[in-house]
């Protein structure tokens, strides 16, 4: 694991914005099946704004970058995912305050704080078929594996996203479908897993990002 | 997709322009998607909002005796907290602000964050969460019921109380009382098309209807063969009466709400069945509203909302308002 | 055909029942399809009507300061003279009755016959014929223009004058003045389905619209490719301004009327273009109505009506009314 | 020509009601092309009520029968055709007042009065593509051919109906179509021609009613 600098953070967010543009229709389609079909549009809109803001503001620390991400998402995403991702980045920013870069320990603290923030705001628990499932999987990897194996963490995130497929949603719009929410991967879980793949790839050379079999989502 | 529009990305912006152009007592907060009363009174302020596509909700309910501001998100997408914050700031007159939020995760989260930001600025903010839709109400999940057309009763009654000078606590209490006594359920005959997607929100066979449909095309209890409207009304009222506290002898206000494409004539035919069936249940109808109050773009279908009334609520329900859509 | 109804043959009867159930100040004349005010004033009475399927027109405009009675024919079919006669008899209070008739052969003939029958009974009857639709106006035929949504301005202004005690001659003069100053034109995106026939009234391609569409699906000037609503508004206003006496500096009332299935959001987007284009023409908008005033079942589309105002008309336009649809 | 008794009049109207039931869809279809598609429904509704009323009231003169027809149509048809047919029968009733039956001379006077009534009410002239075209054709036959050849009169009515096809409508709802009203037979002209066929067949044995080639309408 190599510590994440401010420049590397900006590159991660830029790469993530591109990934979201690619996955926009996939995320919309998943959300269409069990929600209102806008998760891809919401995320792509928000994170393309984030990428631009970061390029323009050139943050000098990861914390400052996270603050910009949080504020930008807050004003551009809306829906359920907007405040949740915004909260996550606000908590990351607070956790990394004063640091020039993010090492493994800072990451551990940051992810725990972010997850706590998401759960406090969204009131979802693990297994409710939300992004909480993915953040929890990563947080567990960070807690139990020291030093962290970045490849395992990426795979744990992807596995957690896929594991939402058979679940019945108990939070968010998909919850209104009851049992009919089974059989589709939660779109917010997928978007979170995609972010962790970019993050860990930037912090550890040689990480292989998951190949998503779209027909299995 | 056939729509009267210019630019899909300016859909909300242009509709808000057209709305304030039609209603000179309303204006937009510059640079936002917030519509406010031009003349603000020295009273508790009411702010509501949500995704667009439900017109006249919510900007059509801005006016004396109802809302002070309405926040419009993108079509069917909750507005962002900064927009809600702009609304709160614009209408706060020192007496505090009540947020009337429909129970969707997105709406709740965005309005809550705005409330926190406003309170950090020293603005007292209270909130109520409307959850009138009895279609989805089970123990298998924990998000609670959705907020649909009955929300309009909250705007009206709480708005009238605020206009009369009630305190923030008092307005919140009254709003919550309306929520506790409001129950709704809808159905759909045909889907709508979100402008940005261009595709119908769901598919229904030529002889099918969806019972319990939400206002964004979320499904409800079940899909059923098309039936006479009297039977449909019976199905909806059965379920509403499983939840409403209204008993024989009680008085209710009735809202027969069109979802967008359903002709008023059909809503009146539905209302005939509703008034007969309420009479058969011994419930007295104090007042009936028939029309489009909270739509889903051009979805075909309707919902029924019942508000159980008492001596406290009736005067607020009847109080004057210049909100264009009441 | 997907409709909220019970029995196709009882469509009009049931909708009228549902309407009076919702509006307690209105009632049906027993055994007829006539809706009247319960409290009739000692004044000149106004009667209008026509085929059903245009709700809220016309029964929704019955109330203090507007109509005293509305006669409902079968869907899109002029009512029979005996029905019109029942309405005249029910509302006559010794001061005479003004019939507000839309210019369709059927409406004119049936109302005229009723007028003759009423006059034979000693009831003074005057009539005006509304012909606001500038879409069809040529020298090749002699039926004149159709009456469409602008009719509502006649109900409002003449109704207010009657309520204030004007004589039959005077009310007729004012009604005719409104007609002379009212010009409308509509367009459609999608057809409607008459319940009794079950088939769409016409067919339009996925990228087509009909310019000049009447309120029963009668075609207008031409079919054209779908265009941005600002261009559509321009087309309609061009033609309206070829007929309206409104000049730069004049004040007008604007009615942006939805035909049934078009969402209010789209009407507001249209109104944005209308208000901009009127401003560009130097015409001042005194008042704007946006909504469904005269529909064609679930047809998608809208019409624009302009009423040129003056100091005589403005107070009547603004006078209070309890008609549910104003 | 044999004079038309009250009983024969009732039989004519009964037969006409049946013809209208058969031709309802044809009349609707013609009206759909150049009007609002309800002429068949309107006429079938009105004349089936007429047939019932006549059966119940058993008029003792053709004039009394016509009076019943006029009043029944007035309350059941609506639209443009209701008042026009009602006026026609009201004028026939007035023309035949006091007679036990209708001979050729009475018919001549009656049709002239009815046509005058239709024209006074509807303000249409010959060639405007309305029922006036058919009534005028019959009235001309009655004026010019004395004694009347019933078969010729029936054929003149049918020919006048067919002759409306190329015309541009100048009255009624079809007029709003302008040139687009060309190429369709006027439905009210057809319904009038159908009535004259029943009437003359009852007054003259051996009259052959026209065969309508639906594809030529």
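For clarity, chains are labelled A, B, C and D in written order, and residue numbers in each chain start from 1.
Everything below uses one rule, namely that a contact is a pair of C-beta atoms (placed from the backbone, for glycine too) under 8 Å apart; a residue touches a chain by one contact, two chains touch by 3 or more.
Being a predicted model, the structure only gives us computed values, none of them experimental.
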With subunit B removed from consideration, the chain sets that still hold together: A | C, D
item: Where subunit A and subunit B are represented by their mean Cα positions, the distance between them in whole Å; value: 32
item: Distance from subunit D to subunit A - Cα centre to Cα centre, in angstrom; value: 79
item: Approximate Å spacing (C-alpha centroids) for the pair subunit A, subunit C; value: 56
item: Touch-based graph of the chains, sorted into line, ring, star, complete or other; value: line
item: Pairs of chains in contact (touch as defined earlier), listed by label; value: A-B, B-C, C-D
item: Parts of subunit B lying in touch with subunit C, wherever the complex brings them together; value: 2-7, 11, 14-19, 21-23, 52-53, 55-56, 60, 189-190, 206, 209, 226, 228-230, 232, 256, 260-273, 275, 285, 288-290, 292, 295, 297-298, 300, 302
item: Subunit A to subunit B touching residues, read off their complex; value: 28, 36-38, 41-42, 74-84, 86-87, 121-122, 168-173, 175-180
item: Touching residues on subunit C, where the partner in the complex is subunit D; value: 51, 73-74, 76-83, 104-106, 109-110, 112-113, 136, 138, 140-143, 146, 194, 196-197, 201, 214, 216-219
